[in-house]
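Structures for review follow.
Note that chain A is present in both complexes that follow, paired respectively with chain B and with chain C.
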Partner chain A sequence: MATGRINRAAYLFILPTFAALIGLKYYPAASAVYHSFFQWDGATVGRFVGLANYVQLFRDEIIHVSAINIVKFIIGRVALNLVFPLLAAKLVFHVRHQGAAYLYRVLLTAPIVVPVMVILLLWKFIYHPYDGLLNQLLEAVGLGAWRRAWLGDFETALYAVIGLGFPWVTGIGSAGFAFLIYLGGLQSIPREIFDAAAVDGAVSLRRFFRVELPMIASQLKLILILTVINTMESYVPVMVMTGGGPGVSSMVPGLYLYESAFLYDKFGYASAIGVVMTIILLIVTTISQRSIKSYSEAEP
Partner chain B sequence: MRSLTLANRWDAGQIALHVLLILLVVLSLYPMFFTLITSVKDIHQFYHSYFSITYPFHWGNYGEAWDAIGGYVINTLVVAAAAVVIIVAFAALSAYAFARFSFFGKEVLFMALLALIMIPDMITLVPTFLLLRDLGLLDSLVSLVAVYVSSGQVVSIFILRQFFASIPTELVDAARIDGASETQVLTRVVLPLSKSILLTVAIMNVLMIWNDYIWPLVTLSNSRLWTISLGLVGFSERFAGMAAWGPLFAGYVIASIPLIAFISISMRSFISDLTSGALKA
Partner chain C sequence: MTRRTALSLWFILLVSVWLAGGALALAQDQEIVIRMYAGDYTPRERTQSDRWDPPSYLNVLAQEYKKLHPHVTIEFLPEITPQDRFDTWIFTQYQAGRGPDLGTQLFSEVNRHYLKGWYVNLKPYLEKPNPYVEGNKRWADIFQPGALATGVAPDGNMYVLPTGVVGTGIYYNKDIFARVGVEPPETWAEFMEIQRKIQAAGYIPFAFPMAGAKATTNWSLRVIQDMILDSKLPEIKGTGEPVVRTMIEGEGISQKELVRAIKKGVYSAKDPQWQEQLRLLKEWSQYWGPGYLSLDPDAAYRLFVTGRAAMLYDTSAKIKVLETDNLRQFEFGVFDFPRITQESSPYATGVSAPAVGGYTGAGSWTVAATTIEKGIVDQVIDWLMFITAPQNYIPLANDLGWYSPGLIDLEGIDPKLEPFIRSVENGVFRIESFYRGLTVEYADQFYRVLQEYLTGRKNLEQATDEIQRYMEQAADELIERNGWTDLLAELGA
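== the complex of A and B ==
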């Protein structure tokens, strides 16, 4: 009898959540898959075209450019997100003065509270061809010849967007937590392990690779997966800073999806892009989760 | 002798650490410093003393910026407050059910939640837009709140469920023996113990909402309803086009203040939750 009462309460408890999710998550996701088989301008039901959207997608030049760009984006962001916050966390972890360590932690975390859009627009200003900080700085140190329209140049636009946020300790938005998560991981390593390593005479660099890195493998894994997922999905930085330009040189899949739907009314095609992106996301996440697991298990 | 040189070497190491860290802090915070000093410059000061602090401060820039973006800030505050309260309420109820109750279909429903982590906004963007359009709900802050409520659920539920499951069963059972109903157990026993984690979840969602650009972009065409991320882009183009850098940067400061104020009030518990391993793969 008691369990019966609990059962009924449980459904009531989860009802609001699932009502919201069915209307605004499950239904739209199913609708996207369904409509990816239609030529659909969003006004009428549309014409069933089978796999035509998908076939077109693989032939689309802009998709090719976007795919290459997003791979560069992921490699760049993973490198920056994994290395610089970890470096900073390790430095803070080894500061002996506790007050100073706390202060560094707060100061390096502080940029998280700056809205993402402010940071993006700030970096758009930094790259501004005339009044921007980067060109002004180059001019001031006598490297005026290196000045360029960083976001308007075919050679640099994509890399300028990838590289925003220097010195990359506090990432943009949710990536800003990498530093704190690494630091938390380092701080939760049991003292005895360090003592044992010290007795063994493990020097700093070796200790880092042999002791600290394996001990924070789960944090690294978390940051890696989050960074890959977030970067694959992210297109707002490109949208705001370059609009995918010049030409389509900095186009990414998410922005192309947005433009297909909201600029050209190709809702079926946009849905197909979304479906393919979701599938790739699933595959990448599964693989990265597996490979990291086997790596950390292989370590003694 | 030996220990002395060892100590010295340690100190040299510590000094190197501090030098590196100070460099990282300065580089990380420099854009914010530049924003602050530029926000009180007029156009003449901007072009003639680009890198330095200039006097007098032109506080009028802030008035000019507020006139342009104040409405967006207020819209965002309203949306964020409404959405976060609803997100936390819904998520707490679900998380409690998944942490504490046994019921038919629990595993399947939880897997269904888990699956949503793999469903990016990208795939739901178009159908959600069309759904809201067909229901006549575009250009409404209520729809925006509804979208955020659905987006904020999953991660919030995961975090809260983990915490609720860690509360000792004895506490809950004691309340039940005293005759408390399930709702009373939740509101009188569990939630008061969970203040800090609830705050953490609230902060994460405030950040998500304050930083979102895409949902207001596709659902709100009436600029009076725009939220801050969307409003800032238009504002930035307009003022940068006029080289009105002072008011522009003042606008960036204004757009940041509510978020900074809210989070710095609650940052201490937030950081300790993050670093204590509440979030781990």
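== the complex of A and C ==
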């Protein structure tokens, strides 16, 4: 009986969380699905248009370009988030001096606290065609011919946004935690496994690929899924750095959704974009979830 | 924790919320807080990163008003820039019933949103006397007729009082001009020639931003289009009569007239006369320096103020900024946009360049409809009357130094603003299709195609095919949104 009372009290306490979740997450999502069948300006009563928004969406050239861009974006960010924070974590993991390891950990994670907007504005300045650090560096090392308006060039704008955040150990947003997650994963590998691997002759690269990497597969999966979701949803870096331009060369679906809703008063159409993005995200994350098996999930 | 404890905690929480709400309501009975979004006029302290003095005079006015009305407090909301961020902010604020009690918003934006019921119709209030203007019997009488005309919405009501007059001009570096040995040009041909010389001397002739705000491109095209289509405007208007320039934007060719012309094929991107403006802009773009597609207005301004670029197209808002900016080490002047002559285009009629500007500066005042529910609408209007009284508005405008208030009595206005005001009084552009003329979506679509055309990724035919398609979509959308059934009937649709 006492347990039942405690449970009821516990449910009572989590009620506000559920209420907030329903009000702030599930209701807007359901509303978006509903309004995706309307021509709606976000304020006045909409007009039911059936599947017209979805038909328009598949015919929209900007959607086609932004879909290709987001695939490039996801591939780029996944590669950066999987490789560089992992390399850094691996290096710090092998630092024997405790004090030095602590110092490296702090130095590599400290940039996480810098607000995203500051990082973006800083990189915008680094890419500046006249005063930017990147062009000045190229000039200084005798590669002046490579100078260009990185964010104003149709060929480079998208890649400049993908590549911001060098040396990519602490990415922007939640990807910034990748380094810590990898390091935590490496530190949780039992010492005996390394000893056994050493006896079997697995050292350096072999140890990394045969022992460490399989043991942190669940961390890799987590970062992969988080990066895919964040990149798909994210539009702020593009909005701040290029506004989707020049032309639509760096446009992404999230930014187009935002513009359709708030600048063009097409909330119904924006809802349709959001619904399709959510469906694609669900499919991609399900595939990622199933295709990578962690050590504990692996067949014996 | 027992169930009784949990329930007790919930009870205490609810009672606390109720008591807090009651106390707040009690306080509200005694005190009125007016939330004001003043845009460029937003008062703030100078920070270390400021290179010029920010405005602060609204604080003075708020204090003086407080002396007259001790129960009223003015709360200034922080300024939101740039424009697209402001659009999002204002939309979400109004939708949540938190729109500023008194705000400033461009008339075109207000016309886009007035059907959503966000604003108070100011017309009846303008018929009342302004108690802060001696002998005034009708508040409307203190404003320039153009200001009042600009504020009228398509439904005939007035949801915005656009009182900020702004002008534009081409700012130039006198030192560079002297070193290169050139003078401010009067014609397009001269304009191209001096830029060629300036470029040859190693300077960026023109700081032309095409990232971020699209103002410079829009202004340039409005001016060029007005001159290039001068002979065609009567046909576009549909009257056959000459279209005169006035101080009021949209009075030349209205949005509805433009839509009709598009639907009839009179205004078309496939028309060589229309295409001439793109050709001229592309000709000009060779002097904008590398990387203009990634230059935002701030970066362009910096190129100019540091003496690397010789010219900058900007508004009257830049005078005070340039005068007080400690980065500037040169003398500057301002000249009007050059006239396009037959020497440069077969479509030129020799008409002078129109002004770009009008009643589109900060000070386009709106009152939120929620002030009626809150019972403070009269107080908000009273505060607006106080601000717009000439003895208050002139020092407020001079403190900012960017815009001239659209008042009849301008005694005491900063004389540096006079050339801009005069140019606007001579008449603004008569036709606009790149920003406010059609839809925001079309403006963005056009701009993106234009960037591809200017950089050679699309030729004129490809670009204009695409622009024409977007233009027709925008026209159809406006017909539907505005319910122009008479236009549909006229077109036989």
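To be clear about the criterion, the second predicted complex is superposed on the first by the 282 of 300 C-alpha atoms of A that agree within 3 Å, B and C clash if a C-alpha of one lies under 4 Å from a C-alpha of the other, contacts with A are read in each partner's own complex, and residues count from 1 in each chain.
Basically, a contact is a pair of C-beta atoms (placed from the backbone, for glycine too) under 8 Å apart; a residue touches a chain by one contact, two chains touch by 3 or more.
Nothing here was measured: the structure is a model prediction, and the numbers come from that model.
After superposition onto chain A, the partners chain B and chain C occupy overlapping space and clash. In the superposition on chain A, A:Gly42 contacts both chain B and chain C.
Contacts of A:Ser288 after superposition: neither chain B nor chain C is touched. In the overlay built on the shared chain, the residue A:Phe262 is in contact with chain B and with chain C. In the superposition on chain A, contact of A:Pro129 is made with chain C only, not with chain B. Of the two partner chains placed by the overlay, only chain B lies in contact with A:Arg96; chain C stays clear of it.
When the two complexes are overlaid on their common chain A, residue A:Gln56 makes contact with neither chain B nor chain C. Touch criterion met: A:Trp150 reaches chain C, while chain B stays clear of it. Judged by the touch definition given at the top, the superposed model places A:Phe177 against chain B, while chain C stays out of reach. In the superposition on chain A, contact is made by A:Gly254 with chain B only, not with chain C.
Among chain B and chain C, the chain that touches a larger number of residues in chain A is B.
Chain C is struck by only one stretch of chain B after the chain A overlay, and of the options 62-70, 206-214 or 260-268 that stretch is 62-70. Shared interface residues of chain A (contacting chain B in one complex, chain C in the other): 5-6, 9, 13, 42, 128, 258, 262.
Looking at the complex, you find that chain A touches chain C at residues 5-6, 8-9, 12-13, 41-44, 127-130, 148-154, 157, 242-243, 245-248, 258-260, 262-266. Across the complex, chain A is touched by residues 1-3, 5-7, 10, 84, 87-88, 91, 94-95, 112-113, 115-117, 210-212, 290-295, 299, 303, 308, 439-441, 444, 448-449, 451-452, 455, 457 of chain C.
Taken in their complex, chain A has these residues touching chain B: 3, 5-7, 9-11, 13-14, 16-18, 20-21, 23-29, 31-32, 35, 42, 88, 91-92, 94-97, 100, 104-119, 121-126, 128, 131, 133, 136, 140, 166-167, 169-170, 173-174, 177, 180-181, 183-185, 187-188, 218-219, 221-222, 225, 229, 232-233, 236, 239-240, 254, 257-258, 261-262, 267, 270-271, 273-275, 277-278, 281-282, 285. Partner chain A is touched in their complex by these residues of chain B: 13-14, 17-18, 20-21, 24-25, 27-29, 31-32, 34-35, 46, 50-51, 89-91, 93-94, 96-98, 101-104, 106, 109, 112-113, 116, 118-131, 133, 146-147, 149-151, 153, 157, 182-183, 207, 210-211, 213-214, 218, 228-229, 232-233, 236, 240, 243, 245, 252, 255-256, 259-260, 263-264, 267, 271, 274-277, 279-281.
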